[in-house]
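We just call them A, B, C and D in the order they show up, numbering each chain from 1.
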């Protein structure tokens, strides 16, 4: 793991849960997207900078997720982002979701940088790659 | 009400419910969008025809909704679409959601035709307006 | 309007948008739920207190919403909550969504207090009603 | 693969897409849940039979997903379900999403049978296990 210190707090609302009484399993992917975008923003690259200046966006290419314990209504989760690998157009990330220091979800996410119009793979902008390596 | 006979069956899954054990209140709006698009398709105007040939799309401008009884997991709902008014760029619709002939939700929806690129109000394409008046 | 000063900031992510390039119309209802629950929490009544101590929850009974201007990716919205009326089991709220002081969405929401198990109307717990009247 | 012939058609609506113009990545998990529940229903085990007669429900325990090509608005997807392994309380499934015979998404999903109240692992009801083995 290259860096391990970005984490976004996310509160669980009714909209995130299902009739089983727990957070619906795909909702954790939404939580992880929010954390990745706040991590990028913290590095100085918000969505507009990426799409309008650099003409790129990031798409999820593959994802592995383990559900260890369910989150429930009103939980205050911490959703972390840590880079494990940076390639020409790909970034591999480890994301964990915890509540009161108990790990609930464990995921590895492969994102790929694509042209904002073409949706074809594109090189990660050099200043962003530098930034990622520096915080790593 | 000008016409009252289009209805789309929709099954309720876990993803549609919340920890209260019932369908989450905003999910009914998603169900109503599905019914409106299948109604347009049934009239011969699918999303591609609208956006690529006619260069328009429909946006919801205003909505009033009453939640009479909650839907629950595994319910098979009927979501209806009936036009109540057609203007130059606006359509007013009445949409109801029933389960076993019991009304659960009652809504009026104002949609506006907008340019697919500009998102500014645009005239409803004449062939679509004709079609709507005919089924009305 | 009885009180007008609670507001929750909410960032727009990809998950909140649709292929029209704007926030999907039902997503604003999700944003408004988050604001109502944070407003209740600010009054000292989080979801657990309501469901476990007072054995109640709030359901949306009716809603009117006007979409004035669309929100887009990365917008930082302010979602307000203001009580307009408090009855035995009902609360009427005015909720607005703004971005940079421009109003995007205007809504009135009727919520009803129901038994957490029965989902039948129940009286709003006296301490909560007092609190609402005090901030009003 | 034990069986390979259940498939559910699912239409893509605006609600399923994001501002990138494609289906939002977590939405495919929702599509896959719908297919699993229709597959269980086709085997004679709808959600009520499972929760009220057998007092169990299925939770996703782990998931691996590869996004090969994006689905877009109005696509008519086919979402398949095929069992690859059945244990005492776990089922491993292969799910694929195709459009016009082109594979868009590839996933393996581990679901676990849990008590409807306890959410603790429980044995898959014998008649369901038999049914799964028969179609396999």
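We take it that a contact is a pair of C-beta atoms (placed from the backbone, for glycine too) under 8 Å apart; a residue touches a chain by one contact, two chains touch by 3 or more.
All values reported here derive from a predicted model rather than from experimental measurement.
Visitor: Keeping to the contact definition above, tell me which chains border both chain A and chain C.
Guide: Where chain A and chain C share a partner, that partner set is B, D.
Visitor: Which is it for copies chain B and chain C: same residues on both faces, with over half shared, or different residues?
Guide: same
Visitor: Using only Cα atoms to place each chain's centre, name the chain farthest from chain D.
Guide: It is C.
Visitor: Could you put a whole-Å number on the gap between the CA centroids of chain C and chain D?
Guide: Their C-alpha centroids are separated by 33 Å.
Visitor: Would you mind pulling out the distance in Å between where the CA atoms of chain B average out and where those of chain C do?
Guide: 24
Visitor: What is the distance, in whole Å, between the centres of chain B and chain D, each centre taken as the mean of its C-alpha atoms?
Guide: Inter-chain centre distance comes to 27 Å.
Visitor: Can you list the chain B residues in contact with two or more other chains?
Guide: Residue numbers touching two or more other chains: 14-15, 20-22, 26, 30, 33, 73.
Visitor: Please name which positions on chain C make contact with chain B in the complex.
Guide: These residues of chain C touch chain B: 20-22, 25-27, 29-30, 33, 57, 59-67, 70, 119.
Visitor: Using the touch rule from the top, collect the residues of chain D that touch chain C in their complex.
Guide: Residues 14-15, 17-22, 24, 26, 72-73.
Visitor: Show which residues of chain D lie in contact with chain B when the two form their complex.
Guide: The contact residues of chain D facing chain B are 11, 13-15, 30, 33-34, 37-38, 46-48, 73-74.
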